[in-house]
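The following block contains the structure, expressed as structure tokens.
Going by the order they are written in, the chains are A, B, C, D and E; count residues from 1 in each one.
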Amino acid sequence: MLKYIKDIITGAITLLEGMAITFKYMFQKPITLQYPEQKAQMTTRFRGRLVMPVDEEKGDNRCTACNICVKACPNYSIAVERLTDETGKPKPKAASFTYNMGTCMFCNLCVEVCPFSAIVMSEEYELAVYDRKSLIKDLVAEKYKLKGRKGKWWISKFKDEEQV
Amino acid sequence: MAEKLPASLEKLNTEEYLLNMGPQHPSTHGVLRIILKLDGEVIKDVVPVMGYIHRGMEKMFENRKYDQIIPFTDRTDYLSAVNNNFAYVIGVEKLLGVVVPERAEYLRVILAELNRIMSHLLWLSAYGMDVGAFTPLLYIFREREEIIAMFELITGNRLTHNAFRLGGFKYDVPKTFFEKLEKFISHFADNLDEYETLLINNVIFKSRTVGVGVITKALALSYGVSGPSLRGSDIKMDVRRDTPYSAYSKFVFEIPTGKNGDTWDRCEVRMNEMRQSLSILQQAMQGFPQGDIMAKIPKIIKPPAGEVYTAVEGPRGEVGFYIISDGTEKPYRVKMRVPSFSNLSALKDMTVGFKIADVVAIMGSLDLVIPEIDR
Amino acid sequence: MTAFMQFLKDLLYDSGKAFGLIYDGGHKIWAGFNLPPLTLDIIFLLIAAACAAAFIAINALFIIWFERKISARMQLRRGPNRVGIFGIFQTVADTIKLLIKEDITPKAVDKLAFFLGPLLVMTSTFMVFLVMPFGKGLIAADLNIGVIYILAVTGLTVLGLLCAGWGSNNKYSLIGGMRSAAQIVSYEIPNVLVMLTIVLLSGSMKLGDIIAAQPTVGYVWMQPVAFIIFLIASNAEINRGPFDLPEAESELVSGFITEYSGMKFAFFFLAEYTNLFIAGALGAVLFLGGWTGPVLPPFMWFMIKSYFVVFLLMWIRWTFPRIRVDHLMEFAWKVLIPIALLNLVVTAFVIKFH
Amino acid sequence: MTPVEILEKIKTKFPGVASTEAFGILNMETEQNKLRPLLVFLRDELNFDFMNFMTGVDRPTENIIEVVYQLFSFTTKASIVIRVKLDRTKPEIETVSDIYRTAEWHEREAAEMFGIVFLNHPDPRILLLPENFKGQPLKKDFRHPNMTPLPEVK
Amino acid sequence: MEYGMLLAFLVFALIFVVGGVAANWLLMPHKPNATKNSTYECGVEPISDANIRYNIRFYVYALMYVVFAVEAVFLFPWAVVFKEIPGLMPLFEAVLFILILVLALAYAWKKGALKWD
């Protein structure tokens, strides 16, 4: 009988403790990010989607169609076609860089192996589309311009970060 | 109801019926189907049906190069991507005979422990949902978001990090990471206590978990249950202690265990484990060494022929990779030992005789991740 | 002019008097047209019922918004804030959505029971407002069996839920319906005992008399135990909070409303929140002195007190995990009912020997 | 316990088991009919109370299918790998799911992935694959119409 | 007048529900298909019919409810006049009555009717 009463009282205390916590939180500021108006700030290393930024000095992308990224891609999401001159000799330039975002895992392996820093992961994250076909993009034709910072910042973006 | 009823009364007997729980059910945490045989609310039999998201990971591994496999391992157990990376990476490094620099080892430990906390936090919030408390989820997600932001700083991704490389890390740690980590450590313990008061010590929660889903020591071992679920049954099992890998032998930590092997013990073990992880994080942060972050590894990775089994202590239990190399660029066979697979196999012995509501509580306490089971 | 001001003041502070004036005036005009007085009575009855319907609809919309806001604040969220100022019209938008949504009747259902479910639930909820004293004289019919009437009418809800659970021909619905039936009948008893205690104190079953009999602070100070039992039992009776087993999301998907969609679903939803308000209003009437209070009009006091109790129920709901079905039953029969009985006997003794 | 000690203990009971050592773990091979007594001995006498996993490995060049069992002991912290070679055309082996219950599901998986028949298995249904699936996907020569060949990159 | 009000409320409640469903029926799209009209059981075909003989457990509570609710209803008239009747007689009578209720509860408790299994 005594245990019965004790159980009820200790139980009620744990319940009241919980209620005190929720009551306390009622007067705290909400943590919500009002999405379409406010947007999350992405970090430098954020892996949005693959882009091939235009090098402003060169006036063109830095790709040499060396196929290293194609070999590195675990999902075979990249296909590169080399540009040829009139005689049919291949030039160190990509005619097309087909990137399939539908199969991309955003693993960053292609960016890490690229010896020319031609490709980089952008900070975009609203990548949903209505049509599956528009997930396949030709990055050469896209002529992507990285926003925000100047010049060839992405080439040294990890070195510029403050280290421990 | 043991005695046989006369034929005329047979029709008055309660009917046992079958009920599908899943594949589309709010509390199966993924596409898992469980066929329950019920008598009223009481469970008579449990048959899990799996494979709804079987992707043939092991077959895929056989067709990828060694370094390309890492991002796939993220996607088996998406809640502990780092620990999956860890198990695979140390396996290949063992085959290659690579010694990873200390700085990388420490960073790996930090990431793995953060990942453990992150996974346990998600478990705690989802478990709150399972037992009907919605509010803890939103509090817990604040902390989880902090950890995700830290991962984003280092790896650039929020969930499937693809953080590790063979031989260490590709990039070094940014300074802001440690600032954030320090801030996180400073307030996390208090918040954890608060969640414990709000959820774990609540009398309703206790009445739903204490004595529910008991699994004995011997049975748990026989079923190959691992991780917090096994520790709940009072077995001091921890791969970090039993077969120390990476830098874990350098840290001091305890292995929390439960007493009765019931659902509440498993919950409490996870809560205490987060505290231990926090202490490991503190130690690792204080002793974080200088030096290289990447070992010298060949450009084309061709481990010598041989086989190795390496396991790490994931948030759910022992994550192991059994890798057979035949000396080529691609592994001959990779077998994943996933904790949820064995943990789920013990479900039947835990649940029979309890009620529908308990199935949810028990499954939640096992912390199942279905893609990991299906692979 | 002053007469009109007086009338307006009466309308606010002593609605009974104002309605009396309207009623008498109406009958005088009616008699002037040589019409039978019964027809006007019927019109008045229908107007009163229509007012109740409008109140239920608007109040439910508000209370849903209120709950969403309260729960959001407790969970560090913002809650609805897009439709209208502070998102106040969010529930209106939701209702319109439900109104133009396809009402699916699955093939396997028992069509009559499937339709009777929401009908019975909503009707029983609606009927309670007959005896709800919103203010001084602002009551549709102050029946002299008020308390028993409320108990009887809310008891009908069980039938509706059972109809919904059985008629859906879905196992989740069946379990949900069965659970809700067992739960509601079990928690009806402590509720009855608590109301009995209040009737014992006030000496009347008329809600108006109960309010009048209360001291200024209400019965809550004399009967704190009864108030707590009332909160728990009514929370369980309206299937909310830690007692939401019939629709336990993580176990039964949605319980007895799994198969419902469109307006039928909306009626269950509406009934749930109206029941929540009824629980709050009953708490206000039985324990907090109903519409009595200084300065503000009685109607305002009634709403403030009701919403205070409603807030308590919401607070409980958003804090606790769900109880398991056997514990729920044991709690009713082994804890609440003995305590309520003890409380009743002690109250009787105190009244006699005081 | 070091691998050498374990091996010595095993050799007292089962003379003539072939074994190697890799990364500090004893790696031994046994015959089909000796497997169950060996596992019972390991579990009861040498405290190997935990089976990490059990799987198959397809080796078409040697025309065998290996079955691999990895055990771990919580008392001695030692691991051991046991392998049994089966005929690839007719892979059959006695179940061990009564010795280690975790083997039940692992065996079901191995059965559907490699076509190994586990005799006396208590619940020989498929585990992960769809019910109408044909073929054993983890065999090296498995082909499926939905499989797309990976593109060759120069 | 009071019970006329009751009738008016009943009529209005029925109109409210039937009207709501009818309005919904007028406004909604009518596009049934086999999947939509099937019974929900977590995305797979239901294994068996749901109208089964359910566990007796739930009905026991209903029976006990009848006992208690009816007795409680008998107590209401007593409660109303309790204050007005002088003397201790009403108190002891009611206590006796409640005692019978308590005995019933204790009996059910002892018999295990309150235990789930």
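Simple rule for what comes next: a residue touches a chain if its C-beta (ideal position, glycine included) is under 8 Å from a C-beta of that chain, and two chains touch if they have at least 3 such contacts.
Computed from a predicted structure; not experimentally measured.
Where touching is counted per the definition, the chains common to chain A and chain E are B, C.
Most remote chain with respect to chain D, judged by CA-atom centres, is C.
In terms of C-beta pairs in contact, the better-connected of the chain pairs B-E and C-E is C-E.
Chain C and chain E have centres, each the mean of its CA atoms, that are 15 Å apart. Note: centroid distance chain C to chain D, computed from Cα atoms, is 64 Å. The distance from the centre of chain A to the centre of chain B, each centre being the mean of the chain's C-alpha atoms, comes to 25 Å. Centroid to centroid, with C-alpha atoms defining each point, chain A and chain C lie 51 Å apart. Counting partner chains per residue, chain C has residues 74-77, 171-172, 253, 318-320, 325-326 touching two or more of them. Multi-chain contact residues, meaning those touching two or more other chains, occur in chain D at positions 150. Across the assembly, chain A contributes residues 15, 18, 21-22, 25, 31 that each touch 2 or more other chains. Those residues of chain C that touch chain B in the shared complex are 71, 74-77, 171-172, 175, 242, 244-245, 248-253, 318-327. Residues of chain B that touch chain C in their complex: 17, 19, 25-27, 41, 128-135, 137-139, 142, 198-199, 202, 204-205, 207-208, 355-360. By the touch criterion given at the top, residues 22-23, 25, 27, 49-53, 55, 57-58, 68, 70, 72, 74, 77, 79, 81, 100-102, 104-106, 113, 126-130, 137-138, 142, 150 of chain D touch chain B in their complex. Contact residues of chain B toward chain E in the complex are 11-15, 17-25, 33, 35, 39-42, 355.
If you check the complex, the residues on chain E that touch chain C are 1-14, 16-18, 20-21, 23-25, 27-32, 36-42, 46, 49-52, 54-55, 57-58, 61-62, 64-65, 68-69, 72-73, 75-76, 79-84, 88, 91, 94-95, 98, 101-102, 105, 108-109, 114-117.
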